[in-house]
Each structure stands twice: as structure tokens, then as C-alpha cells.
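Here's the structure, in C-alpha cells; my notes come after.
Chain lettering (A, B and C) follows the sequence in which the chains are written, and residue indices restart at 1 in each chain.
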Amino acid sequence: MFSSLIVWMDFVGTVAFAISGAMVAARKNMDIFGVNMLAVLTATGGGMIRDIIIGRTPPVMFLNPSYVLIAVLTANILFLVLYSRKSLPLSQRVGEQLLFWFDTLGLAAFTVDGVFAGVQAQHGDKLFLIAFLGVMTGVGGGALRDIFADEMPQIFVKHVYAVASVAGAVVTGLFWRITAEENIAVAAGALTVIALRYEAVRHHWNLPRLR
Amino acid sequence: MFSSLIVWMDFVGTVAFAISGAMVAARKNMDIFGVNMLAVLTATGGGMIRDIIIGRTPPVMFLNPSYVLIAVLTANILFLVLYSRKSLPLSQRVGEQLLFWFDTLGLAAFTVDGVFAGVQAQHGDKLFLIAFLGVMTGVGGGALRDIFADEMPQIFVKHVYAVASVAGAVVTGLFWRITAEENIAVAAGALTVIALRYEAVRHHWNLPRLR
Amino acid sequence: MFSSLIVWMDFVGTVAFAISGAMVAARKNMDIFGVNMLAVLTATGGGMIRDIIIGRTPPVMFLNPSYVLIAVLTANILFLVLYSRKSLPLSQRVGEQLLFWFDTLGLAAFTVDGVFAGVQAQHGDKLFLIAFLGVMTGVGGGALRDIFADEMPQIFVKHVYAVASVAGAVVTGLFWRITAEENIAVAAGALTVIALRYEAVRHHWNLPRLR
């Protein structure tokens, strides 16, 4: 049950990350081609970095193009809607809520995915490595998006985002090592990400900074 | 005949990409060392990313330093000319025309090269992968150049550039799979890139954007 | 004796590079989490790129977390001191001197390390490759730091920095190939980096630039 849940969360995450890439590209006044490229980069970049780090070459995004196709479809539908109506067929508040939930589910799915990519590559006994892989898969696409859009990566500012991914990755790795039950580890890790993101936004959590 | 043509196009592309890297570095007020580093990065970065993606490590640029040497020579000759004369020994119009043709031949050569690097790595049956490798080899160096110069990558703006590379890569891959004739695939792919770039500039083609 | 010296220099370099990452993050108004992430990226990023280039996956920073731990400890101590006192418990002049020496020892250690990582991966006979690996290990972390902080990499501007790394890497590689004595090669390469940096700062050396 949970592994099919993860497939659905991956789908939702790919759509959400493609939307966030396309939105940044539109804000930067890129044309439809740039919108597609940034959507694909945001949706697949984290997994690509992860695969290069564990030596799984070519990365899975090149062998199974379905995630690239989902990102391209998403970017073009969004572009067409914005191009023809000049606005989304949703109130802004509902749109932001939807994007928050898509993005949060995507972060949870990609973080958990990254941990299990490490487990499948026979690194299940290296908690530090697999947690890092989870975080890179979760936040890497967004970091590449911002670097290519010539902005400071939001993961350094939107702090609870990366913290939620770190916590979820560690929880996933720990539960996997203790229970050896994939379903339990997936559920615990994903719920950690979701709960932290939800609570952080609801309570306006902030980490200290110097100035 | 065609494979020696490709070697010449690679040479021309390396020179063109080194020039574009050196020009950006000079505009950013880097010193002669920065000019050299950005020229090398622009000329060899796309192939380096491609090799890492297909797991060909160390990348060929480290094993055969001739392309780095060509880039360094180009950058220093350009630097010396600009430093001593404060201008190029060409009218600006001729200079821009030359750079356009160098850059276009380079894009064509690098795109086709990338596709065949995938074929040589036994991925000839994966059209999606080899087309992606062609595009990355063609536009990756320029993207790295802009990221290191702290600018938004021109490939997201100068759209017909990346579109020409995508079309050329797909044509190369398709002709290779259909005819299994390297010469035909190389010629068809390279001509696609060149024709698209030439027509796009001549007719001021533009892709839609939101604002 | 020298290999234990290198371990100490690596330690010093990790601390110095973590400090420089944390300082840039603080200047960019990142919170404590961003400060940690940028410190880790600066301290370990060069070695990560090097390992990916020679196909040593997963990179050693993921298998031996001690350098990540040193970087995290350094970043948090610095953050706490700055947070509680709003100033360092040193005069600014002494602080800058200390940072210069830390940074220079770190550059020397990482450059020499990179060369020997190439030697260990059976590439000792390829001088061009191992010199490149040394430079990437030495300056790669700082380049990633600046790219993630949305600034132009200092290695393109602070020129004697990268030049010192290139010279040190070539000297290390040459001495290794001529003498086959690791201690001699390490000492010669590290001293080259340190001497060049010291002399360049003392005499305000500058390379030519166009404007």
C-alpha cells in the first residue's frame, strides 16, 4: 500500500516542483521554452544529483522519461492557462494553499525516495549518507532552480523547508534501520516532513539569524 | 569525410565558446586568469557534465587536454589583442557575424558530439537519453559560464539557441537509429542546428512569453 | 611525519573554509540553518566535485562524516559567539590575520590532497588531470559557496588565490612524478601555495585586466 502511495506522492511532487519552476521562470520573463526547461530542472534536478553521487549513471530521469514528461505537461498547461486568461481559474488564496500542499507532499515524497535510493544502492547501513541523499533529492531541484534563475536559493532562507527535509530523512533512515520495514519507514519519514512544514507555517516558526 | 568534418567543427566550437567565455569575463572586469578560467569552463563544461552523466570518469577533457589548450590559447590571444589595441582589428559588424558563425558551428558540433558520446557508451537505443546528452553538451558550457559570471543563463532567454540544439539532437538520434549511418546522422543533425539558428536570426523568430 | 601534517592541515582548512562559508551566509542574512549549510558546502564541496570527477562514488565526505561534523561545529560556535557578543573576541586586525593563515593553510592542504586523490585513483601518470583535481579540491568549495550565495565567485577576482592553487598543484604533481616521494611532493606543493599567497598579499601583486 505504501509503495503505491509513494508513487502517487512522487507524481504530486513532480507536478508541484514543475509548477514552482515554471512560476519562477515566468516571473523572470523567460519564454515558453525557458519555462519548460526550468520546470524540468526543478522537478528532476534533485534526483539527478542524488544518482550522480551514488554512481547510478545515467541517472534514472534519463532512463525513465515519465517524470520529464509530467513536468513538461504541467509547465505547458500552466503556461497556456496564464497566457490565455492572464490569471489562474482560482482565487489567489486557494491557489497558494494548493501549492503549499503540493509542494509539501512533493518534498516529503522526494526526501523519502532519496533515502531509499541509497538503501537500494547497498548503502542502507550508512545513516549519514542516506539521510544526505534524502535531503539532496528533496531540496536539490529547488536549489538548482534558484541558481539557474540567478537568485539566492530559497532553501537558505525558507528555513523550515530544508529543516523539515533533514528531519524527515533522518527519521526515514532510523526507522528503516530499526524496523527494516519499508512501509513504516516511508510513513514515519513522510509524516515528519508534512507535520513540521504544517506546524512551522501555522505558528510562523523562525530560526535565529544574526541581524 | 564527416568524422573529420566533426573534428574541425569541434575545433571551431571550442574556439567560439572560449571567445564567448573570455568576453563575458572581460565585461565582468575579471583579470587575465579569470578570463582563462571562464574560457576553459565555457569550452569544456558541457562535455564534462555529459561525461559525468554517462559515468565516463574522468571526463575526456581531463584525459585529452587539447581542448583546454585551445581554449587557453584563444583566451590569451584575445586578451592580448584587446589589451594592446583596446579594440578588435575588425569592424564590430564583421566581428559579430564571425562570432555568430563560430558559435553556431560550435553548437552544431557539440550537440552532435554529445549524441554520439551516448551512442559510444552503448545507449544508442535510448533516444531520450542521447538527445538530452546532445543538448547538455551543446548548451551546458554556456550555462556554466553564465552561472559562474553571476548572470541568468542566456539559454533561457536566447531561446532559439537551445531549441536549435534540441531539434538537432533529436534529428541526429533519429537518423542514427533509422539509418545506422554515422555520416548521415551527423550531417542531418548539424544542418538542423545551423539552419534553425540562421533562419531564427534572419526572421527575428520569437517564442511567446507571459509579459 | 608529512602525512600526519597533511591531516592537521586538512583540519585547519576545513575550519577555515567553514568559517568563510558561515561569514558569507551571515552577511547574506541567512538564519542559523543556512549558516550551517553554507559552511558545510564550502568545506566539503571541492572534495565532492573531485570525487565525482574521478568516479569515486559516493564521495568520501558522505562515507567519513568527520569533516561535515567539523564544519557544523565551527559554524555553530562562530554563530553563537557572534550572536551573543555581536562581535568577535579579537581585534579585527588579528581576526583577519588569523583567517588569512587558516585559509592559506586550508588551500595548501586541499590542493595537495586533490593531487594525491588522483594518484590513489591510479591517475598518477596524468599530470594534467591530477593538477586539475588539486585545483578543483582547493578552490571548488569557495566557488560553490559564492554561487549558492548568488555572488560572482571570488576565485575569478581574488586571482592570486587560484593561481597559487594551480602552481601548488603542478609542483606537487611534478615532484611526485620525479621523486615518487609523497613527503617531498606534499611539502613542495604546500610550500608553493603558502609562499605565493604570502608574497602576493605582502607585495599587492595584481594581474592585468582590460579596464
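Simple rule for what comes next: contacts are C-beta pairs under 8 Å (C-beta built on N, C-alpha and C of every residue); 3 or more make two chains touch, one makes a residue touch a chain.
In UniProt terms, the chains line up like this: A, B, C = Membrane protein YeiH.
Remember, predicted model here, so these are calculated numbers, not experimental data.
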Proportion of interface numbers common to chain A and chain B (over half same, under half different): different
Turning angle required so that chain B lies on chain C, C-alpha fit (0 to 180°, nearest 5): 120
Approximate Å spacing (C-alpha centroids) for the pair chain A, chain B: 31
Contacts with 2+ other chains: residues of chain C: 52, 55, 147, 150
In the complex, chain A residues that touch chain B: 25-26, 28-34, 37-38, 48, 52, 55, 57-59, 62-63, 65, 68, 79, 82-83, 147-150
Complex contact set, residues of chain A against chain C: 52-55, 123, 126, 128-129, 132, 143, 147, 150-153, 155-157, 159, 162-163, 206-211
